[in-house]
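See below for the structure under consideration.
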Amino acid sequence: MTEGLAHLDYIAVVILFAIGLYVVLTKQNLIKKIIGLNIMETAVFGLIVTSGMVDGGSPPLLGQGLEPPYASPIAHALVLTGIVVALSVTALALVLILRVKAECGSIELDELLEPDE
Amino acid sequence: MSPNDVFDALILILLITCALAIARMKDLAAAVILFSVYSFALCLLWVHRGAPDVAMTEAAVGAGITAVLFFYTLARTGRREK
Amino acid sequence: MRNALALLIVIVLAGLMMAGVSQLPPPGSPDGAVHRHVAAHYIDGGTEAGGAPNLVTAVLLNYRALDTYGEVVVIFAALVAVLAVGLSGHSRGPRRQPDELPVSPVVDRIIRLLAPFIALFALFMILEGHVLPGGGFQGGVVLGALLILLSLVLGPRRIRRMLPTPALFWTRAIAPLVFALTAIAGLALAGWLFALPEPAWLRELILVGLELAIGIGAALALVGFYLSLEADHHD
Amino acid sequence: MSSLAHLLPLTVLLPITAGVLAPALFHRRGLACWWWALAAAILTFATTVTLWRQLQSGSTISYPLGGWPPPYGIELVFDGLAALMLVLCALSVLILLAARRYVEATVPSSRQSLFYALILINLGGMNGFVAAADLFNLFVFMEIFSISAYALVALARGPVAALAALKYLLVGAVSSLLVLLAVALLHAQTGSLNMSDVAGLLAQAEAPGASALALGCLVVGFLVKAAIFPLHFWLPDAHASAPSPVSALLSGLVVKMGIVGLVRTRILFAEAEIVPLLMLDNLLVWLGVIAILAGAVLAMVQRELKLMLAYSTVANMGYIALGIGLATPSAVSGALAHTVYHATIKTGLFLTAGSILLCTGLSRVDDLRGLGQRMPLTSGALVLGLLAATGIPPTAGFVGKWQIALGALQAGQAWVIGVILAGALLTLGWAIRVINSLFFRPPARARVITANEAPVSMLVPSVLLAVLAVSAGLGGAILLGLVEPLALAIVGADHDH
């Protein structure tokens, strides 16, 4: 892979991170915000996976007849842990959203924050 | 540019398109489905980057379980964004 | 107006990020710092030092076991959190069967027919995770998805009653507990907390045990998330 | 290496394992679970004390997990910063002691064991965060204490708590993500995750832009966790609406983790000679100054006691940021001392506010008029805590502020002293309002007239912390001596005067 194209990954990662951040900052719907958060998270995971890759390399599995160079197993392990953390945060957020909906009657942040409730 | 690079570039474009569409979409159920598509595209990319473990996890979690959890939430909060 | 401002902020931040990221070493070169330093040490150590041919598993369960312990604690904490703050029990509305998702007889049949195979596949992923891609967490997610599917067919109450409550809490806690036991075994047999003791068969046994615990823990956590989102409908 | 070093991972494993077991062992048995949690916290504290004595007799304790030497494995360290762990564990014991009655009264019995499980997991996460010497490990422990903190806020009843917890979660998740992004950037640049290894590699790195971006992400992420103005907006609602023992935990301990993160970041980049470090110092000074004034003014205009305390936390985090930003040895050691002292003061204040809330059901300061006659010990503890918060000598609040002022002189920024004084005066302003209301006004509410003194299990921690808050300043020299080596490590020995 050429050097410029390899950076294409990084460019895409920055764009995805920015889109996710924009959704988190501007959308008033709480569920939409959580989806935005997930997009930001995958962008960071993408950065880690790409930084650990090797051109023409194989997955870091020994004894499967795969030839070195291997991609970095550390990067993959970090992302695995990251995905689990992201799932946990999302699940807790969704349960909290249900509580907000039941107790406040809305999940649109601008309606919830109006001074007269 | 090899066919591989073209494939990668196409996936990246698909990812960004999905993300933009999710940002604009008012129908939350459609946004969640698109997020599944997005996760799935990401899996393909990661297989290409030599990370099958991560790809499997992303497929199971991002495209699968996360979407299910979102759907159950939407069933009780309504699928339209105001 | 507020959105335009946010867009401006995001664009500026993206520009800064782009500037920083563009200075990173180009990815893909085998001579990059990522590959020469710690990762090279793991790859050179091979299966012997890492304990597993799948180096990702070796990193997760051996070299960086504390991170993975933290990971299972995070899922467990999220499960406890969801149970503690969820709606069920908070305000007792009329309990209804979830009839808004009618399952057609065909789907019902297919799920029942496929269930044993999916379970077998999940088990395979868990047990072979130290050799092939996949592992405890991935297998656990598949198992959890299967349980959620089954609850569509059998009804969530049946799934809820599959284990009595105290036993359920013990099973939910299995991943952090098995990790803690492994840590102590490492101290007793190899001199360090979280060390994998020799000989090779014992190592493999411990790895498989850990993967099983992670898998069961993940599956039950997912079912817990699902049940607390599904439970007690409010209108 | 002494075999006592094996105790270091135990400060994490012990509370977390106790927390994991709590729901299994004590389902629907809240009181038994309370004893269990208290025992676990005391045991963790004892472990920390043992480590602490070991540290006093020798040098830094380091533990390579799994026997893998750093940078190949994960390392935990017990250094000067770990002194904070001692305070963390001690205060957690007191918080748990006070929590029993509060939990019995407000948490349904089926969820009490979950409450204690979350508190213990939170403590273990914080201990791990303080001891982590590995960047990714730092992130993982941060997530452990963050997730449990979000849930603990939501354990309070009512619509405000749920929304506050959700806001806290959203902001917290974004800040955690920034930290993870920084970890990814540093790993991509150096190929290592061990902090001292990364610090050495960064010093020779040739990509200042990538380093600066990582620094920026870490700083913003930790500034949010530390609730430094204007990134504090999530704090008042979360800290005020949480159950009071949780407020004490969050305001006393959990926000301090942001400071721990900032200190670790400073040490990480101490040798890398990149320009933004200077900018960072200036930024921290300005943010600190604004936070001191804004926090105090906002505290003044509040009507609810717990909201006042929450905004006072914002102001006090400003003092700490200011001290770190001034970057002279006395200012930084002042900031570190204030971290410990503010933890003590604010834990006591929130626990006392919790007693009042539980005994009277009232939260607005105007409604609490005349409470001094009905609950003299609790009200007295509140007054002592408030006096310590203003920083009157020789209270605990004084030492840190005095050191920071000295540091401002060393740094040639004497104007900062005016801000420190103004902040103290503003704090005194609202503190006097509360004291006046409690002791010098006739009761206006029937519930104040019928109120009785708080139960012993809540009085003991309140009074103990109040006495500590007003008297600990006398031992200030000891604490300053302890944090000084760390302060020098942060600002570099060349600043030594």
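Think of it as A, B, C and D in the order they're written, each chain with its own count starting at 1.
Heads up, the rule we're going with is that a residue touches a chain if its C-beta (ideal position, glycine included) is under 8 Å from a C-beta of that chain, and two chains touch if they have at least 3 such contacts.
The model shown is predicted, which means the values in this text are computed figures rather than measured ones.
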With contacts defined as at the top, give the pair, C-D or A-B, that has more of them. C-D
Expressed in whole Å, how far the mean CA point of chain C lies from that of chain D is 30
At what distance in angstrom does the C-alpha mean of chain B lie from that of chain A? 10
Quick check: how many Å separate the C-alpha centres of chain B and chain C? 19
Using mean C-alpha positions as chain centres, tell me how far chain A is from chain C in Å, no decimals. 16
Would you pick out the residues of chain D that each touch at least 2 other chains? 136, 140, 143, 147, 150-151, 154, 162, 165, 185, 187-188, 193
Touching at least 2 other chains, the residues of chain C are 17, 21-22, 24, 27, 34-35, 38-39, 42, 54, 56, 64, 67, 70-71, 74, 77-78, 81-82, 85, 90, 133, 137, 225, 229, 234
What are the residue numbers in chain B that touch two or more other chains? 52-53, 57, 61, 65, 69, 72-73, 76
Go ahead and list every pair of chains that touch. A-B, A-C, A-D, B-C, C-D
Residues on chain C engaged by chain A in the complex (per definition of touch): 2-3, 6-7, 9-11, 13-14, 17-18, 21-22, 24, 26-30, 34-35, 38-39, 42-43, 46-47, 53-56, 58-60, 64, 67-68, 70-71, 74-75, 77-78, 81-82, 85-87, 90-91, 131-133, 137, 218, 221, 225, 228-229, 234
Going by the contact rule at the top, pick out the chain C residues touching chain B in the complex. 54, 56, 100-101, 133-135, 137-138, 141-142, 144-145, 148, 222, 225-226, 229-230, 233-234
Provide the residue numbers of chain D that touch chain C in the complex, in ascending order. 6, 9, 13, 16-17, 20-21, 23-24, 27, 63-68, 71-74, 76, 108, 110-111, 114-115, 117-118, 121, 124-125, 128, 136-137, 140-141, 143-144, 147-148, 150-151, 154-155, 162, 165, 185, 187-193, 201, 207-210, 212-214, 216
In the complex, chain A touches chain B at residues 1-2, 5, 8-9, 12, 15-16, 19-20, 22-23, 27-29, 31-32, 34-36, 38-39, 42, 45-46, 49-50, 52-54, 57-60, 70-71, 75-76, 79-80, 83-84, 86-87, 90-91, 94, 97-98, 101, 107-108, 111
What part of chain B is in contact with chain A in the complex they form? 1-2, 4-5, 8-9, 12, 15-16, 19-20, 22-23, 28, 31-32, 35, 38-39, 42, 45-46, 49-54, 57-58, 61-62, 65-66, 69-70, 72-74, 76-77, 81-82
